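What follows is a set of structures for review.
You will see chain A twice below: alongside chain B first, and alongside chain C after that.
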Partner chain A sequence: MELNVIGKGLPKVDAWAKVKGKTVYADDFSLPGMLYAKVLRSKYPAARILSIDTSRAKQLPGVHAVLTAKDVPNNNLRAKFGQSTDVGAQFEGLYRVLAEEKVRFLGEPVALVAAESLQIAEEALDLIEVTYEPLPGVFDPVEALKPGAYPVGENESNVVSRFKIRKGDIDAGFAAADVIVENTYHVPFVDHAYLEPESGVAWLDEDGVINIRVSTQVIEHFRTVAEVLGLPQNRVRVIGTWLGGGFGGKEDITVESFLALLVWKTGRPVKLTYTREESLLAHSKRHPFLMKYKTGATKDGRIIALEAELIADAGAYTYLTPWVLLYATVNAAGPYDIPNVKVDSVAVLTNNPFTSANRGFGAIQPNVAYESQVDELARVLGMDPLTIRQKNCLRQGASLATGFTFDRYVALPEVAEKAWQALGPAKESQDKRIRIGRGLAIGMMSYGRLTFLHDSSRSYVKLELDGSAVIRCGVPDLGGGQAQALCQIVAEELGIPIEKIKIYISDTALTPLAGTTTATRQLYMSGNATLKAAREIKERLLTKASTMLNVRKAYLKIENEKIVSLVEPGNFVSLKDVIAQCSSEGIELFCEAQFNAPFTDIPASELITGQTHPDFTFGAYAVEVAVDLETGVVEVQKVVACYDVGKALNVLNVEGQLEGGAIYCLGYALMEELVVDQGRLKTPSFSEYLIPTAADVPDVETILVESGSGLGPYGAKGVGEPACNSIAPAILNAIRDAVGVRITSLPATPEKIVFAMQKKQ
Partner chain B sequence: MEIMREITVTVNVNGIPVRAAVSPQESLLDFLRYRAGATDVKCGCNKGDCGTCTVILEDRAVKSCLVLAAQADNRRVWTVRGLEKDPLMQALQESFATHGAVQCGFCTPGMLLTAKNFLEHNPKPDRAEIKEAIAGNLCRCTGYKKIVDAIAAVAASRTGDRA
Partner chain C sequence: MGVSGFAYISPSTKEETLTVLSEAGEKGRIVAGSTNVLPDIRARKIAGCILVDISHLRELKGIEIAGDTVTIGSLTTISELLQSAVIAKEAGVLWQACRCFADPLVRNRATIGGNIANASPAADGVVPLLALEATVNVESKARGKRAIPLDEFFTGPGKSVLEPGELITSVSFAKTSAMKSAFIKFGLRKAMAISLASIGMVVGFNGDTIARVSIALGALAPTPVRARETEKYLAGKKIDDEIIARASELIKTEVNPISDVRASRDYRQHLTGVLFRRAIEAALA
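Right, the complex of A and B next:
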């Protein structure tokens, strides 16, 4: 099929307002009579609340409301994440709007204040008297698993969930192996560090509907807010703003319930924006994992056994932990065809910050481990990094250890080779203190949500009488071009320039619900829904034009605002005339379409088998590093990302996802760690929690493979989260190549590298 | 000695004098966002780490959260919205959009102002110099490559070199 708009690197529809400073982010919006909210947070990671006295705070002039758990109609909730399916207790967990009885983490919300100014709200926080009885708490997931461990919750076990995968005979596999590599890996808490902290403004409208204008990846949280307040779901409206970054951190509910409670209490508009320190302290983190790996291969380099034990720190509340752990379990053996696999995973509550979605969602933690393991095997076997991966990786027709079979193209051998070769000829360091090393890592990650969630998306497309078009789709745009992709699809299908398309996004009252902007799902889901709607309208236009031109439909094409005969190019009718004709005959020029992902049953036990995700994206990273032998400082000099993206709908946006994903996890590999000591955060701001700056990073080279084998529109695959995979282990493998030490815990700081080099000598 | 609770300052914001009585501790960032309506100046950390609040104070790019409103008294401040007709800013805006240098856009106003101020002082920078210049402006989305591309292209077109 010839494409005119799809594939072009067009500027995003939202870019122009953003460069002019005109985009109204969540905190940029205000209303007359608006109050300012603040959250009182727990001073202890584990404590019992003996009493809360709000009387002095309430008496402070300018204070309009002080709320605690007893003011929340439904304070104890089962976490839902936009799914309309009831997935059962194994995949949901308790969380609280405000702390009640027992405090579970430092920074947990205890009380809310709304006042006439931020200063007054802050003063009021100081006047709330909370009496705590500090409790011992538990901060290490391994300790929290032991019998008799401190219970993080009231009565329930500290174990959030367990999963396992079994394939072949693991003992026989290791018995037949010529070489076995065993290591234990650790990855830390990290923060999303989007530059826009959590924020929203809410108000009560004249019909008694609570409107919440908020920076969120999930507008479907309106249902949770309704549950918190005990209101019908149609009395809460969420209007999503253009996000100042999300990365999974705005997938869980943030300020929505707090705002709704305060609006309900005061009747006034209320704004709540977290400080950076609050954001670092008290919103979700990426799960730390402890990962014990044992991998065995024959001497000709065939990997025949893999055993993995994963322990994830869920922090203080469940949130998305069961889903993250399921992703980790499915990904634990990596994109390899291994006959004998045994995976056991467990997620455990602790009194640490709660952990939930973070770009990569459980797939990237085991990726660090399995790709380090494969590299060590290659060294023992004397194989090069590319050969061992090409020999063992999945191909079309092969299956995951769960039994899920890939019936589509699996690009792993191709992407691995292209990335590795793009590094070019190796060079020696001229400086005796500096060692150069290279590393390769491959990976896979799903796009689209877990199939047992029965995911769907809806989109509405409409042609106006003047030939312009409107899209309404409840898609939150995080900056990844989520809205742009839908505009390009409609422009392509209806033959109109992108400037003539206006998209309305992210509003539960006015846009069809499109589901969450999470799980790398929007291009796949809302892209397909929009494509379906546009093609339905196109079909109606072609049918009408066929009559008008007296040409069979099969011989017509739509382009440049005309419907043209393929056989006689001079024979055409303008789109506007076809629209006018349709309109006068009552033919509908709008369509709302729904796209459903494949549905599977909810896993009935801990044993995970069969299909869990719609499809996967495959990619590889090759890197070159220079390591200073004296200081242990690593400079990443080259990064090549090669991904099978299926089809790049917008080349600039796809490259942007890969470049951004690479640097997001270059930080994970080398710099980022949220240091939590006995439940207390030691990296409270961006002065201590360092993320990569422009001066820290190389220019990422991207190589796009377009196999057309994806489930998205035009054969596209999702890349947002998969882009984060594999760069961290590629860097660890390059450090190993440069200085001969295997760093098994992230981040690979200069200290760890220097100590490892000293230990080796 | 009497402690001053309020002082009156006048800051020229994008060509328009804005006068207000403020507390002596009020930051220029708060003054711009809450009193001058300049919500294109963002607050990402409020302690000088992220660069989203960058503005041009007279002829220097500064982080407005680290400047007191009182220090800007009787001085001129420019934000992105005030530079709509500035040819260098226009070139940078166009270049950022067409190079894919904008994802979420939250760092963009500050990044553009840093870039403009930098190019005025260093019209022919290499990539390493551009990266140094924007190292105080964090971006979490792009990995910086396309931002550097966008700035380099403007520098090249202004000096007649090809990007």
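Right, the complex of A and C next:
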């Protein structure tokens, strides 16, 4: 099929407004009479609330509301976290709006204030008197697992969930192995560190509907907000803004319930924007994992046994922990065809910050471990990093340890080779203090949600009489080009220039619900829904044109705002004329379509088998680092990302995703860590929590493989999350190559490297 | 975040500033580039004071040379130092330090006076000035003018001998165009990093022996410090690998770093020796 719009490198429709500062982000928006909200947060990681006295705060002039748990109609929900289908108890958790009885983490919301100004709201916070009885708390997931450990919650166990995978006979596997590598890995808490902290403005409209204009990845939280307030779901509307980044941190509810409660109480519009420090302290984090790995291979380099034990720190509340743990479990053995596999995973509550979604969602933590293991095996066996991976990786027809079989093209051998070769000839350092090293890592990551979530998306496409088009689709755009992709699909299918397409996104009242912008699902899900709608309209146009031109439908194409005969190019009719004809005959020029992902059953036990995800994206990173032997500083000099993206709908955008993904986890590998000591954050601002600056980032070379084998429109796969997989272990492997030490806990700081080198000597 | 509970005064001359400061006493808080003051207000480290904004006082800006002495007005920004041919030539160690200070945006606002008064052990402007054996010139209504040697200025992290009502007007030092200099900052990333350790060095040679050397260290003690023992050891010596190796061990005994979330004491101590070797090699090159 010849494509006109798809596959090109088009600038994003939203780019100029952002560059010029015209985009109205959540905090840029204000309303007359608006109040300002602030959140009072717990000063202890674990304590009993003995009393809360809000009387002085309420008396402060300019204060309109001070709310505590008592004022919340439904403060404790069994939440499905934005999911509409029933997912079963093991995948739900407690969503508590404001702390009651016991606080579980430092920074937990305890009370809300709305006041005439931010200053007054802040002063009011100081006037709220909370008396706490500090409790011991538990801060290490391993401790929290022990019998008799401090209970983080009220009645529930500290264990959030457990999963396991069994394949073959693990003991026989290790018995037959010639070499065995064993290591324990640790990855830390990290933050999403988006440009835009959590923010929103809410108001009550003339129809008595609570409107919440908010920076969110999930507008479907309107249902939870309605439940919190005890209102019918159709009385809460969420309008999503263009996001200044999401990365999973805006997948859970952030400010929505707080805003709705304050609006309901005061009748006034209310704004709430977290400070950066609040964002670092109190919104979700990436799960730290402790990962014990044992991997065995035969002399000729065949990996025959893998045993992994994963312990995840869920922090103080469940949120998406069960799902993240499930991803980690399915990914634990990596994209390898291993006959004997045993994986056990557990996620545990602690009095640490709560953990939930973060780009990579449980897939990237085990990726650090299994790719380090494969590298170590290669070293023991004297194999090169590419050969061992090509020898063992999955191919079409092979299965994961869960039994899920890949019936589509698996690009692993190809992407690994292309990435590795793109590094070019190796060079020695001229400086005797610097050692150069190279590392390779491959990975897989799903796109689309867990199949038992029964995911679907809807999109509406309409042609106007002047030949322009409208799309309405409830997709939140995180800055990843989610809206642009849908415009391109309609432009391609209906033969109209992209400038003539207007898209309305992210509004629960006005746009068909498209599901969450998470799980690398929007192009796959909403792309397919939009494609289905556009093709339906195209079909009607072609049918009409067929009679108008007296040419059979099969011999017509739609292009450049015309419908043209394939056999006789001079024979055509303008799109506008076809539209006019359809319109006068009452033929519908709009279509709302729904796309459903493959559905599977909810896992019935801890043992995970069969299909859990619709499909996977495969990619590889190759990096070259220069390590300073004296200071331990790692400079990443080259990064190559090679991914099978199925089909690049917009080359510029796909490259942007890969570059962004590389940088996102380059920071994970080398510098990012939220240091939490006894539940207290030791890196409370961007002065201590370091992310890479422009000066720290090398050019990222991207190589796109387009196999056309994806489940998305035109054979596309998803790349948003997969893009940040594999770079961290590639860097660790390159450090190992350069200076001979295996760093097993992230981040690989200069200090760790120097002391590891000294220890080795 | 609002700046409530603060009074704000913007005097129009240095004289008026001194009067205002003397009246404000303990409550007065000078504001220059505000790159420390504003974050401190936001973090509630400063509250309820009178902000005395001096940022527009021309009298306190600029770089002057009189004979052998270079004088930098306290309101001179890090960017201005970086753009100054005089600083590049006469105070190479300071110029090099300005290059690794924060990022261009912060450098456009941050002043040298603010960097000194803030009294951070990691201050990147202070370490080179210490190596330049600079003098801080201060003025107040109560005590008139005082010239305080920089190495007597700091008393602890965030603490100095500056008294309420005192204004830093300038900092001065002797030209070092005849000497070699080096500054190395070690931070955990390439820009916008707080120094984990830093070193500033000014060396005068007599043929191939060291005639005079001053070495200043940042973030390795409660205040920026001189490495006096190492300086003494090196004075009069001909530089070779053996001497450098010994000096790089000696200098580690002169520091007293902390362990914190950024790095351990051991690592900072280790860096001291490494940075010393690199600085002296750079100075020699």
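Here is the rule we use: the second predicted complex is superposed on the first by the 761 of 761 C-alpha atoms of A that agree within 3 Å, B and C clash if a C-alpha of one lies under 4 Å from a C-alpha of the other, contacts with A are read in each partner's own complex, and residues count from 1 in each chain.
Basically, a residue touches a chain if its C-beta (ideal position, glycine included) is under 8 Å from a C-beta of that chain, and two chains touch if they have at least 3 such contacts.
What you see is a predicted model; the values in this text were computed from it and never measured.
Colleague: Just to be sure I read the superposition right, which of the two partners does A:Gly21 touch: chain B = first, chain C = second, or both, or neither?
Modeller: It touches chain B, and chain C stays clear.
Colleague: Per the overlay, which chain contacts more chain A residues, chain B or chain C?
Modeller: Tallying touched residues of chain A, the top partner is B.
Colleague: Looking at the overlay, what does A:Phe755 touch: chain B (first), chain C (second), both, or neither?
Modeller: In the superposition, A:Phe755 contacts chain C only.
Colleague: With the two complexes superposed on chain A, say which partner A:Glu630 touches: chain B (first), chain C (second), both, or neither.
Modeller: Once the two structures are laid over each other on A, A:Glu630 reaches chain C alone.
Colleague: So in the superposed three-chain picture, is A:Tyr664 touching just chain B, just chain C, both, or none of them (first/second/both/neither)?
Modeller: First partner only.
Colleague: Per the contact definition in the header, classify A:Gly656: touching chain B only (first), chain C only (second), both, or neither.
Modeller: It touches chain B, and chain C stays clear.
Colleague: Tell me which partner A:Thr275 touches in the superposition: chain B (first), chain C (second), both or neither.
Modeller: both
Colleague: Once chain A of both complexes is superposed, is A:Ala226 in touch with chain B (first), chain C (second), both, or neither?
Modeller: neither
Colleague: Determine, under the contact definition given at the top, whether A:Glu123 touches first (chain B), second (chain C), both, or neither.
Modeller: Only chain C is touched by A:Glu123; chain B is not.
Colleague: Which partner does A:Ala193 reach: the first (chain B), the second (chain C), both, or neither?
Modeller: After superposition on chain A, A:Ala193 lies in contact with chain B alone.
Colleague: Let me check the overlay on chain A: which residues of chain A are in contact with chain B and also with chain C?
Modeller: In chain A, residues 275, 685, 687, 692-696 are touched by chain B and also by chain C.
Colleague: Going by the contact rule set out above, which residues of chain A touch chain C in the complex?
Modeller: Contact set of chain A toward chain C: 117-119, 122-123, 275, 277, 630-631, 671, 675, 682-683, 685, 687-688, 690, 692-696, 749-751, 754-755.
Colleague: Along chain A, where are the residues that touch chain B in the complex?
Modeller: On the chain A side, the touching residues are 9, 11-12, 14-16, 18-25, 27-28, 192-197, 242-247, 275-276, 478-481, 652-653, 655-656, 659-664, 685-687, 691-697, 699-700.
Colleague: Flag every residue of chain C that touches chain A in the complex, lowest number first.
Modeller: Answer in residue numbers: 1-2, 4, 42-43, 103, 186, 188-194, 261-264, 266-267, 270-271, 274.
Colleague: Using the touch definition from the top, list the residues of chain B that touch chain A in their complex.
Modeller: Those in contact with chain A are residues 39-40, 42-47, 49-50, 52, 79-81, 84, 92-94, 96-100, 102-109, 112, 127, 130-132, 134-148.
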